[in-house]
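Going in written order, the chains are labelled A, B, C and D, and every chain counts its residues from 1.
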Amino acid sequence: MSNKLLKVNIHKELNEFDLDVDFELKNGCLGILGPSGCGKSMTLKSIAGIVDPDNGIVSLTTGEKTVYFDSDKKINLKPQKRNVGYLFQNYALFPNMTVEENVGIGLPNNDENVVSEMIRRFHLEGLEKRYPRQLSGGQQQRVALARIMAYGPDVILLDEPFSAMDTVLKEQLRRELANFLNKFSGFSVLVTHDRDEAFQFCDELIILDKGKIIAKGKTVDLFENPGKVEVARLTGCKNISKIEIIDDYHVKSLDWDVTFEVSEKVSPNIAYIGIRAHDIYPGQKDDVNALDASNSSKLEMPFEWQITLTNGLLWKLDKQMREHEFEIPKYLKVDPKNILLLEE
Amino acid sequence: MDDWSPILISMKTASLSILITFFVGLIVAWGIIKIKNDSIKIVLDGIFTLPIVLPPTVVGFFLLYIFGVRGPIGKFFIDFFAFKIAFSWPATVVAAVVMSFPLMYRSARGAFEQVDSNLLDAGRTLGMSEWKIFWKVLFANALPGIISGGILAYARGLGEFGATAMLAGNIAGQTRTLPMAVYSEVAAGNMGTAFDYVIVIVFISFIAI
Amino acid sequence: MSNKLLKVNIHKELNEFDLDVDFELKNGCLGILGPSGCGKSMTLKSIAGIVDPDNGIVSLTTGEKTVYFDSDKKINLKPQKRNVGYLFQNYALFPNMTVEENVGIGLPNNDENVVSEMIRRFHLEGLEKRYPRQLSGGQQQRVALARIMAYGPDVILLDEPFSAMDTVLKEQLRRELANFLNKFSGFSVLVTHDRDEAFQFCDELIILDKGKIIAKGKTVDLFENPGKVEVARLTGCKNISKIEIIDDYHVKSLDWDVTFEVSEKVSPNIAYIGIRAHDIYPGQKDDVNALDASNSSKLEMPFEWQITLTNGLLWKLDKQMREHEFEIPKYLKVDPKNILLLEE
Amino acid sequence: MDDWSPILISMKTASLSILITFFVGLIVAWGIIKIKNDSIKIVLDGIFTLPIVLPPTVVGFFLLYIFGVRGPIGKFFIDFFAFKIAFSWPATVVAAVVMSFPLMYRSARGAFEQVDSNLLDAGRTLGMSEWKIFWKVLFANALPGIISGGILAYARGLGEFGATAMLAGNIAGQTRTLPMAVYSEVAAGNMGTAFDYVIVIVFISFIAI
C-alpha cells in the first residue's frame, strides 16, 4: 500500500473559466465537492483520458509508475491503456447488449468465468439475458459496477452516481456502494454536489469552485473548520452572515443584527461567520450569545423541526416522527466554539 | 412498354450507387464526428452537403467539368484506361452517388450524434478498440437512423434526373434510366408508356421502404 | 372558506396501467406521493386541462361551482378557462422573453401595476430585463411563481418543484415555497417522490402506485400508521420484513430471523412489519425485542450514524458533527408500539 | 450570356414559390403537430413528404396529370379562366412549390417539435390564446430551425429541374429557368454560356445562405 500514488496536476482552459486541479492521493477515496458546472466532471474525464488537459501531469504508481499524461514529455495514453473504471452518471450501459454481454465486453477474450463471478458478486443472477432497459435503477448501477470490476481497474472514477435517483432508492444504493468501495483496494475518486455523499464516501476532500480548488484536506476537518464562506456553504452550513469585527473575541453579524462572542481570536481577514443549524440550543436571556426567539416560525419535517427566527437564523432540532407539538423556547444560545470564522 | 432497358439500367445504377454511398457515407460521417477542430468540421460538412443545396443541373455541370473528356478525372481515365466516363453507364452511377451521398452522410451523422457519447467513452475506458466501438456501440445503436438514411439515399439515387441528364445524357439502352425514360416518353407524347414507367418506379420505391 | 371544494374523480387508460384518482380537497395543500411513473403528473395535467381523462369529473367550487371536466355532460373547459396555475418541473419560462414579459404574459392587457407588484413581492427587482437563461435556479422558480400569481389562479399545481436541484439550493427554496403556500388562500396540489417534501408541504396526502390510490389521509397519520408495505416504503421506512404470525402479539421476521412482540393484536392479513431506522434504541440482553448488535458495521454521516446489523437491520442515530467516535452497544431494542404492522 | 430571361424567370419563380411554401409549410406543420390521432398523422406526414422521396420526373408526371389540359385542376382553369397552366410560367411556380414544400414542412415541424411542449402548456394555463401561443411561443422559439428550413426550401425551389421540365417544359423566355438554361446550353455545346448561368445560380444561392 505504501508505494501507491495517484498524482493529478492539470490545467485546462474552459469556456467560462480555467480549470486548475492538483492533488495527490495515497489511498482510499478522494471526493471532489462543488456546485454544478464547477469543472468536477472535466477533472474525472481528464484522469480517464476522455478529455485532454492543456497541460500538466496525470500519473499512477502501483508498484511501478505509469504516466497517463505529461504535457512536457508529450505523453498522452489512450483511455484504453489507462486501466481506469468510469461509473457514468447514467451508467452508460450498452442498450443493445444483455447484462452478460455488457459485463464481458471489456474482457480481452470474453472470459466466461470472470463474467459469471461478477454476476454472482453483484447479485445479478437471473438477469443475465436481460437488456438494460428492463432493469431497475439499482440493478443498472450494479451492472455498471460489475462491468467495471470485470475489467479490473486500478482507479475507479465515480461521476455523481446518485444524482438522478429517487430518494427511496438513493439511500440504499449509497450504502451498497459505500460497502463496495470499502472492499476495493485501488483508488477511487468521487465527484458530487451532495455534502452527505462526500462525507460518507471520502476520506479526503477537495472543494472546487469555478475550476479552482478553494479547500482541500481530510473530510472531517473540512466539515468542522471550513475556513471559507464557500466551503461552509457547500458543507451544509445554513446560517452565514457578513460581520463587523468589534474586538478580538467579539463580532457583530450584519445580517442578523446580533453580537457574538467567539472562542478564537478574530484575525482581520475574517469577513463572515457561520453557524450550523444544528449547533443552536435552547438557552436563557442572560446566556452568552443568547438569541431572542420570539415570533419565530416553525416547520415540521418527519425527523426534525426547522425554526426560522425573525432575523432569519435557521435552527434545526431532531425530533421523533410521532411528536407534532413543540413549544419554541423564548431564548436560544450558540456556544462560542460553534461559531465558524470564515474568510471571503 | 416495349423497352425494358430503363428498368434494368436503373436497377443496376441504384444498386451499385447505394452500395458505394452507404459505406462511404458511414465512414465519412464517423470521420467528421471525430474531427475536433470546429472550423474544419464546418467546412467539410458544407462541402459534403453541397449536392443537396445546389440545383441538380449545376452539380451535373460541375461533374461534367471533372469527369468530361478534358476534366482532370475524365482525362486520366481516357489516358490510362482509354475509357470515356461522360455519357457512359458509369456516369449514371457517379451522378447517383454524388446526389445521394449527402442524404446518407447527413442521416448517418445525425444518427451517430444521437448515440450518447458516454457510451463511446465507456467503451474506451473498458479497453475496447476504436473499430469495435464503431461497430458494436456506435453503428449498432444508430442502426434505425442509418437504415432510414440508406432508404432515402436509395430513393434519391433511383430518382436522380438532373445531374444524370447532364453527365450521362439520355442514351436509350445505355444511360436512359427510369426517370429519363418517363421524361422522354412524355416529351414524345406517349403518356401511356410513361405511366407504365412511373408505376415501376413507385413500385420499386415502395419495396425499398 | 367553508364552501370551497376541489373535486377530482378521473379515469384514464395509459400505456402501462389505468389511472384512477379520486379525491376531494376542502382547503390547503394536497400532496400526491409516489414513485416515478406512477401517474402523478398525469393527474395534475388532467386537472389543468392539458390532458383529457377518459371519463370522470373535475370541478372547483369557490363561491359558485365551476365544472372543469365532466365526461357524462360532455363538458371539457379549455386550460385557458380553468384559472389554474401550473408550476412545471423545469419552470417552463419563455426563453425569448424577459422576466417582465414572462410575468406579464398572462395578463389580459399586460397591466404594469400587477407586474411591478409581483416583481416586488417575489424579490425580483433589478432582474426585470434579464432573460431566463441569465437567472439562477432559485430566481427562475421565483419568476415562475410570480407569473402564476400575476394571473391570480384559484388552484396552484406543483409538479416536482425541486427534483432537478442542487442540495444546497433545495432546502432554502423549500422553505421559501412553504412560506409562500402558507400565505396562498386557494387550493394547491403538489406532486413529489420525496417524503420530506410531502411531509413539509401537505396537510393531506394521497399515495399513488401504478395509477391506483393505495392510501389517503392526513399526512401525519399516514407517516405514523402507513398500514401497507408500499406506503411504509414511500414514507421512508427503511426496515421492512416479511413475517410469520406466531400468536396474537408475536410475529417472526423472516428476513432478520428475530421474533418481535407487538403492541396491537395481529390480524391475519398482516404479512409484513416495518421498523423505522430512528425507532431503534440501545438496550439490554433481556429487554423486550432485544437485538444482538455484535459485528454491526457503522457508517458516519455529517449528522447521523448509520449502523447496519449483521441481519440487515438499519439503525440511524442522530449525532453532532464534531463526534467521530461511537461505540456500538452490544444490544439494541425496539419498543413494541414502534413496530408497524403492514398489509401487502 | 445574351439571354437574361432565365435569371428573371428564376427569380420570379423562386420568390413567389418560397412565399407560398413558407407560410403554407408553417401552417401545415402546426396543424399536423396538433393532430392527436397517430395513424392520421403518419398518413398525412407521408403524403406531405412524398415529393422528396419520389423522383422529380415522377412528381412532374403526376402534376401533369392534375394540372394538364385534361387533368381536374387544369380543366377547371381552362373552363373558367380560359387559362392553360401546363407549359406556362405559373407551372414553374407550381412545380417549385410542390418540390420545395416538404423541406419547409419537415424543417418547421422538426423545429416546432424541439420547442419544449411544457412552454405551450404553460401558455395555455396562463390564458394565452392559441394564436398568441403559436406566434409568441412556438414560432419565436423555433425561429432558427424555421429560417434554415426556409433557406433549404428556397434553394430547392431555385434549383428545381425535373418536375419543372415535365410540367412547364423548357420554353425560352417563358418557362426556361436557370437550371433549364444550364441544361439547354450544355446540350447545345455552349459550355461558356452554361458556366455563366451556373455562376449566377451559385451566387444567388450564396446570397440566400
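Everything that follows uses one rule, which is that a contact is a pair of C-beta atoms (placed from the backbone, for glycine too) under 8 Å apart; a residue touches a chain by one contact, two chains touch by 3 or more.
To keep track of the chains, here are their UniProt names: A, C = Molybdate/tungstate import ATP-binding protein WtpC.
Values in this document were obtained by computation on a predicted structure and should not be read as measured data.
Peer 1: Which chain is most remote from chain D in terms of Cα centres?
Peer 2: Relative to chain D, the chain with the farthest C-alpha centre is A.
Peer 1: Can you give the whole-Å distance between the Cα centres of chain B and chain D?
Peer 2: Their C-alpha centroids are separated by 23 Å.
Peer 1: Taking each chain's centre as its mean C-alpha position, how far apart are chain B and chain C in Å?
Peer 2: The mean C-alpha positions of chain B and chain C differ by 56 Å.
Peer 1: Just give me the whole-number Å value for how far the CA centre of chain C lies from that of chain D.
Peer 2: Computed from C-alpha means, the inter-chain centre distance equals 52 Å.
Peer 1: Give the residues of chain B that touch two or more other chains, as numbers and ranges in rising order.
Peer 2: Expected reply: no residues.
Peer 1: Find every residue in chain C that makes contact with two or more other chains and list them.
Peer 2: Residues of chain C touching two or more partner chains: there are none.
Peer 1: Work through the pairs of chains, note which ones touch, and then classify the graph as line, ring, star, complete or other.
Peer 2: Chain contacts: single closed ring, each chain with exactly two partners.
Peer 1: Any two chains that touch count here, so list every such pair.
Peer 2: Result of the pairwise touch check is A-B, A-C, B-D, C-D.
Peer 1: Note which residues of chain B are touching chain A in the complex, please.
Peer 2: Going by the criterion above, the answer is residues 116, 118-119, 121-129, 136-137, 140-141.
Peer 1: For chain D, which residues are in contact with chain B within the complex?
Peer 2: So the residues of chain D touching chain B come out as 53-58, 60-62, 64, 152, 155, 158-162, 165-166, 178-180, 182-183, 186, 194-195, 198, 201-202, 205, 209.
Peer 1: Which residues, counting only chain C, touch chain D once they are in their complex?
Peer 2: 45, 48-50, 78-80, 82-86, 88-90, 92, 94-97, 105-106, 108, 147-148, 151
Peer 1: Which of the residues in chain A come into contact with chain C in the complex?
Peer 2: 35-36, 166-168, 171-172, 175, 178-179, 193-196, 199-200, 220, 223-224, 233-236, 238, 276, 278-279, 297, 299-303, 306, 308, 314, 318, 320-322, 324
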